Each structure stands twice: as C-alpha cells, then as structure tokens.
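Below you'll find the structures, each written out as structure tokens.
After this come two complexes, each holding chain A, first together with chain B and then together with chain C.
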Partner chain A sequence: MSSELTITAVTVLCLLGVALYGLLIVRNLFQVIIALQILVKGALIALVLAGKISGQINLGQSLAVTVIVADTIVAVVGLALAVQVKRYTGSLDVKNLSTLRR
Partner chain B sequence: MSAWLIILTIGFAWLGAVCVWLAGDKRPRAQHTLAVLFSVAAGLAALALIPNTSDQAVISLNAGSVFGQFTFVPDGLGVFLTVVATVIGSLAVIFSVEYMRGEAQLGRYYALILLFIGSMAGLVLTGSLFLMFVLWEMTALCSYALISFYNDDPKAVRGGIKALIITQIGGIGLLVGTLAVYIYLGDYQIDTLLAQAQTLPAGVLSFIAFTFLLAAMAKSAQVPFHTWLPDAMEAPTPVSALIHAATMVNAGVYLLARFYPAFADVAGWKTAVLTIGLLTALLAALMAVVATDLKRMLAYSTVSQLGYMVYAIGVGGVFASQFHLLSHAIFKALLFLGAGAVIHALGTRDMRQMGGLRTQMPVVSTTFMIGAAALIGLPIFNGFWSKELILESGLEGGPIWANVGTLLGAGITAFYAFRMVWMVLFGQPQGKTHVHDAGIPMKTALIPLAFGTLTSWLLIGRFGSWLQATLPYEQLNVESTEEMLLAIITTPATYLALAIVALGMVAWWQRERLTGLARSLQGVGRAAANGFGFEALNQGAVSLTQKAAAALQVTQTGQLNWNVLGIVVALVVVLLVLAGV
Partner chain C sequence: MFLNLFLLLAAVLCAFQAIRARQMLAAALWLACTSAIVAWLLYALGAQEVAVIELSVGAGLVTILFVFGITIAGEEIQEVGSLVPWAVAGGIALALIGLVAWFVLPAQEASTAVSEPSFSVMVWENRGLDMLVQIGLIFAGVLGILGILAEKETAEEQARASQKTPTSTPPLPQPQVITTDAHQDTPIKEAHA
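Then we have the complex of A and B:
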C-alpha cells in the first residue's frame, strides 16, 4: 500500500475514533450533531478510499456524493430538532430527552 | 380441473370475506346472504374435489429464492379435511344467520369466519411446509379475533390473547422444524421430507419430529397446552363449533398423521405421542365430569376426544385417528350447535339452570341426543365405530396400560355425556320456563349434521381406500366396509368397551346410591375442578416472563451515550467475527 493510501486510512480511523468518542461522552445536542457530522465525513472518505483500492473509483465517488446529499438533510433536520428541543425543554442536554427511563 | 377447484374453494371463501366486509354493517341482510352464498359455494367446490384427488401437485407457484415453490396437492387427507372445514363451515354460517341476528359488527364476524375457512382449506391442501406455516398462523389469528369478538367483555379478550399466545408456542415449533427441514433438505416440499426422511441424520430427524409434536400439542390442545381451549368458549357458539371443535384444533392431528411415515421410526416419538394423547384423553374427561358451564364441558370433551386421536397416531392407527376425526367433527359440531340453540333460547350457559327442554325444543333435543349418543359411543352412531377402531388399533400397537387407560376414558366419557344430556334436556326446568324451538336456519344446520352422525360410518371402506390410493407413503391397512365393520363387531374388546360405557351410564343413573364412592373420589373432583393445576403452570410462565422483562428493563436507559456504546461494542464484535478471531 502506498504512503498516500496509508495516510488516508489513518485519517479515516482518526475521524471515526474522534466521532465515536464524542458520541460516547458529549451531552449537548449541538455537540452530538457535530460528532455525527465528523462520523459521516470519516465514512465518506472511507468510501472513496475503498473505491480507489478496489479499482472502482467512479463507484466510490458517486456513493460519496450521494452521502453528502443525504448527510446535509440529516444535519438540517437534526439542527431543527435541536432548536425545538431547546425551545420546549429549555436545555440541550440529551439526558433530559429520555422518556424510556423508569 | 382440480387446480381450478382448489382455487375456487379458497377463493370463494376469501372473496366472500371481502364482499361481506364491503357490504357494510348497515346492511345486515345483505351480509347474512353473502356469507351463506360464498360459504356454500366454497363447500360445493370442495365436494367437487373428492372425485378429482391426486397425489401430485396440481398448482405450483414459484415464490422465489428461499420461499421455494408454493404447491397444492389435492390428496385424500387434504381434500377430506377441506371438505370438513368448508361443509361444516357453511353449516355454521347458516346457523349464525339466526344465532347472530341483531348483533352489531356482523361484517367483522363473517369476514373472519370466511377468512378462516379459506385458510384452513389452504393449510391442509398445500404441499409446501412454508406456506403451511403461514396459513397455520392465519388460522390462529382468525381464532384469536373470533374468540375476542365481543371485545367489550374482558373475559373474551383474555381468552383470545391466551389462545393466541399458547398456539404461538406451537407455531414456533412448526417454524423451527420447517427451517430445519429446509437447512438439511434444501426444500420445503412435504413430499421431499417424506421421501428423504431416512437420509437425514438421526438427531436432526428426531429434532424435527419433536418440534412438530410441540406444534401439534399446542394447536390440538394437548396436555399441558390444553388450557386455552376451555377459555376460548367466550367466542360466539357457531365459532366454537367450527374452529374449536370441528376444524382448527384438528390441524395438530393432521400434522401428526401427515408426517407419521417420516417420524414413526424416531426413537421415543411414538411413545411420546401415545402418552400425551392418553393423558389428555383421561384428564380432560375428568375435568368434563365436574364442569358446570355447558360450553366449557363440551370444550373439555373436545380436548379429550382430540387426545384419543393423538393416541391413535401414537399406536400406529393413522386411519383410525382420521376416521375418528371425521366422526368427531360431525357430532361435536352438532353438539356445539345444539348447545348454541339452547344457550340462545335460555340466555345462560350454566347447565344447573337448564333442564326439561326435551318437550319444549323437540328438534334441538333430538339432534342433541343423537350427538351425545355418538360421543358416548353407542352402537349405530358414527362415534361408536371410530372409537372402537381406535381401541382396536390400541390393542394391536399399544402397551397394556394404555389400553386400560383408553377403556377407562370411554367409561368417563359415557358418564359425563349422560350427565350433560340429563342436566340439559331432562328433569325439571330450572330457569326460563317458556322457550321456543330453534328457527329454520338453526334447523337447516342441525338436521344435516344429525343425519351425518347417523350415517357417516357407512363410508368407512370407501374413505379408507380413497386415502390409501392418494397417500403413497402411508400404510393404512384398510379393508372393505363390510370386513372392517365385521372386524369391529366380532372383537371381544368392543363388548368390553360397551360394558364399560354402560357402566359409566349406570353410574350416573345410580348416582344417589353411589354417594360413598363419590365421597371417596371427592379429592379427584376438586383437583379436576381446579383444572389439575395446569392454570398455575400458565401463571408461573407469565410471571416469570414479566419478571425477566422487568430485570432487562435496566438495559433500556434511553440515553444516547449508552446506546452509542452498545453500537460501538456490537461493531467491534462484528469486526472481530469477520476477521475470524
């Protein structure tokens, strides 16, 4: 594997690691959405990388573009929800969102 | 030809369900008429199938990939049960015209009955285990919805849910067995399993055999899963007659009979079937002796008779079990519909509030007595011949203790059936004193069934050779009508059984003189009235499930961080598995 690919792979792992770590510890809803964005960006680069490795770079790139579009919608809806949550509960703490708790 | 007849039988029933529903509850007359027309049409189509039987699949639809071929095979066993389901189904629908007059939501009632009739016909005609499972579950769903038909009555809702949950245990058994067949044979076809059963590893075959036995036990209300059937009696009476006496509860017996050639050599399987059947026959008969609710008593009697059929399969008498299934379907539907007419007239199900109906409801009483005589097993009636045939196959293939048990069961059956007739029809009127006999729709249903009870045994030879001709894997050992009847008449066991039956009836006549005996059996009576503690078993299972669920609730924190942790851990596990660690 060339150094170029290795660097990309390490980047992907770093992004995924940061995002998962963020999702595990943050409690502010905006931070959750940011962590989710980082996660998706990592997955996006991973798709292009996979396309490059398997020799189907076109497929990888078109999938990545599709993910960008879908991801934008996720971000928009997530932020809209966060605004509503703030408006109705007065806080952005995800702990307060739980209704499954006994 | 037979392909079209199968499509018509199932199609008429299901089309009828849609039409009745579309007619709307504001036009009850149209609903009654449509339901009768479609159910009778389905019955006629099923009757036309009789001369068109074959052992080959006549319909084969490719359902694609893992679902396999959806086949329909109109062989003797399948067509016989289709005829039972559709003909008794149409009689129950005709009976309902009077019984359900003025009830709200008839659309739901008739649509579910017609959906059930079609599903039941499909269940017994299909040659694909997968499709059989689907239709098996559809009949369970219809049964549940009809038990809970009066959904403002908490008892009815409870009974329906109980029936659904307990029969689901059987459904899971059938599904697991079916998937095991698919894994090892790569095919869902019943014929494939029957032909290649001996090539399967012994452990796998016995696994399949016992999962199918579990399915049959739950569906046919065998001990310890019988508790749902008495509680299912909250359903309208025609539903009880059709689903919980004549058809759906026979599906388990059908399953055992269908796969008997494949499972007969599995170690312990026949003994298990025989023991379960015998235990069910005896315990349910004892519970019927102490029941006071007319419909619950009939339900216990159904459980007991189903036990006899299962027992017959356990001793190798597949033909005897199917012949008793035919007799029982006719006379028990008759008894249930007769009971429905009585309940409809009196407005109560408690036998202690009945009595003296013989003079006031002559037609109902006569037909009811014919049904009871067949249940007791008096000569000439169809129940006599089929029960003797079961006892006879027990003598050939069963251990001696099992034979003693079946004879004892026959005596108890005679006792409780006689008690029922006495309490309902004879003696002094207890409740309402002026009742009218049944109307024309009820008589239209009762009289053909009474006629069938009197004559269906004449078909014994033809029925046997017909089954033999289309079931290539079964060894039925059938002879001509005369020979089989003669064999029954000349066996000493028949007279022994008749003597015990007579003893059971005399015991009821002389019940005042037998108070000493009755007192010594009081403990048994109390245990039987409490259902022998099987209800406690159910309650235990329910509370165990609830406790386990409450304990597992801790894992549902509803917090994002914990859920993400779960996802990450699962991801790591999947990656490790994929990496082959």
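Then we have the complex of A and C:
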C-alpha cells in the first residue's frame, strides 16, 4: 500500500480501538450509542479503503451507503430505547437495565 | 501525506473526546466533529458520494437526534466507575486492534485497474437488493419508534386512570360551609386541612 492508504488503515484501526475501549468502560446508554457510532465509522472507512485497494471503489461506496442507513436506524432506535429507560428507571446507567423486567 | 496524518490525529482525538466527555451534549458535538473528519477522509479517498451522505447524515441528522434525545432524557453525569478497569479495557482493545492490523496492513493494492460500472449503476442495478433492504430497515426503524412511543402513551394513560379511580379506601367527605349570602349565586366551599 502507499503511505496515504497505510495512514488511512491506521486511522481505521485507531477508530476501532477507541470504540472498543469506549464500549468496555462507559456505562451511560448515550455513550454506548456514541461508541457504536464511532465503531461503525471505522468500518465505513474500511469498506471504502478496501474498495480503493482492490480497484472497485464504487462497490465499496455502495456497501458504505447501506452501512450508513443501518447505522442511522440503530442510532434512532437506541436513542428511543435510552429515553424510555430513563423514564422507567430514572437513570441512564447500563446496570439499571435489569430492573426493566416486570 | 501530511493531510492524512492530520486527519488521523484529528479523528482519533475527536473520537476519544466523544468517549471521555462527561457532558452528553459535548459528547454529541465531538461525535459530529468525528463524522465531519471521516467525511473529509472519505472525500480524500475518492468516495465523494459517500462523503456527502456521511456529512449530512452522520454530522447532521444523528447529531440532531442526539441533542433531541438528551433534551428529553436530561443530562446525567456518571460519577461511578466503569464496568471494566480502564487498564484491562485498554489492553483488550489494543490486543484486538493488533490482531486486526496483523491481517489488514500487509494488504497490497491491485496491480491492474478493474473496470467497474458507475456509482448509480452499482447502487440501483447491481446492488438493488441492498436498496430494498434499506427501505425495509427504514420502515422497521419508524415502526419501532412508533411502537415505543405508543407504549409510553398507554403507560401515561394507565397512570392517569389509576389516579382518577379510587382503589381501596374512599376519601372522607370534606366538610362544607355553605353561606347564605343572597348576593352570591354559587355557594362557597371551604376545605379544611
């Protein structure tokens, strides 16, 4: 790979690392969704980078569009669930999710 | 080269700040900055169409949704510790990233350029099934949100109904003092504490 593509691959790895670290340490539901968003952004760049490396960048772009749509739906539903958890339990802590059981 | 290095550092810094920010509104804004930098990176890679979509959806729509959700749910600053110690979490993340890098970084560019259709042909014809799946995903998301909001309305209605109907002990009748003033049309009720 050229140096620019290598730096982009390192960017992908760093974003994935930050997102994994965040998923492991955060307890706020909003921050969990933010970590998921960062994880998907890393995967998005990886798809386009793979298309660029293999000479099929339009294929990578079409797959990236699908990922963006799915990521947005995940964010919307996750935020709606977080708001409901806050209403039912009074907290956004992940540990309080077990109290949703009736 | 220097542009890519700058984008690398900026994206990682913004992503880390989005994770570490204590206020949720600041975290949402850091996430929007990350999306904008990712869009710039995609543009530099030659993926202009995806860069525009990422900039409008990732930095625009998702940020608005986050601000909306934070406004409804309210700010909550976590003072307690994390589920996993930060050293263990960092070690696990580094190990997984090192494993991915072991497989990804030796990749080589294709020696010969592959002839491929344009982006619109690729999206609407070659990947037409993906578009149908995206439409289904959008409808599923809308139906999911409607279901969640409908559940919230019924819960509120149940709470109101339980407040209106007495359960076990009927309230005691309040003592009333009726004045016989001829100038007043309606009697005055006084409730004792």
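Here is the rule we go by: the second predicted complex is superposed on the first by the 97 of 102 C-alpha atoms of A that agree within 3 Å, B and C clash if a C-alpha of one lies under 4 Å from a C-alpha of the other, contacts with A are read in each partner's own complex, and residues count from 1 in each chain.
In the analysis below, a contact is a pair of C-beta atoms (placed from the backbone, for glycine too) under 8 Å apart; a residue touches a chain by one contact, two chains touch by 3 or more.
For clarity, every value in this text was computed on a predicted model and none was experimentally measured.
Enquirer: Once chain A of both complexes is superposed, is A:20 in touch with chain B (first), chain C (second), both, or neither?
Expert: both
Enquirer: Looking at A:7 after the superposition, I want to know if it touches chain B, chain C, both of them or none. Which is it: first, second, both, neither?
Expert: So A:7 only meets chain C here.
Enquirer: Using the touch definition from the top, say if A:96 reaches chain B (first), chain C (second), both or neither.
Expert: neither
Enquirer: Between chain B (first) and chain C (second), which does A:28 come into contact with in this model arrangement: first, second, both, or neither?
Expert: After superposing on A, A:28 lies in contact with chain C but is clear of chain B.
Enquirer: Chain A residues in contact: does chain B have more, or chain C?
Expert: The partner with more contacted residues on chain A is C.
Enquirer: Figure out whether A:48 sits in contact with chain B (first) or chain C (second), or with both, or with neither.
Expert: second
Enquirer: Show me the chain A residues, by the header's touch rule, that chain B contacts in one structure and chain C contacts in the other.
Expert: Residues 20, 24-27, 94-95, which sit in both footprints.
Enquirer: Over in the complex, which chain B residues touch chain A? Could you list them?
Expert: Touch list, chain B to chain A: 553, 556-561, 564-565, 568.
Enquirer: Going by the contact rule set out above, which residues of chain A touch chain C in the complex?
Expert: Against chain C, chain A makes touches at 1-22, 24-28, 30-31, 33-35, 37-38, 41, 44-46, 48-49, 51-66, 68-73, 75-77, 79-84, 86-87, 91-95.
Enquirer: Considering the complex alone, what residue numbers of chain C touch chain A?
Expert: 1, 4-5, 7-8, 11-12, 15-16, 18-19, 24, 27-28, 31, 34-35, 38, 41-42, 44-47, 49-50, 53-54, 57-58, 61-62, 65-66, 68-70, 72-74, 76, 78, 80, 82-84, 86, 88-90, 92-94, 96-97, 100-101, 104-105, 107-110, 112-114, 116-119, 122-123, 126-127, 130, 133-134, 137-138, 140-141, 144-145, 148-149, 151-152
Enquirer: Quick one: in the complex, what on chain A touches chain B?
Expert: Against chain B, the touching part of chain A is residues 20, 23-27, 32, 94-95, 97-102.
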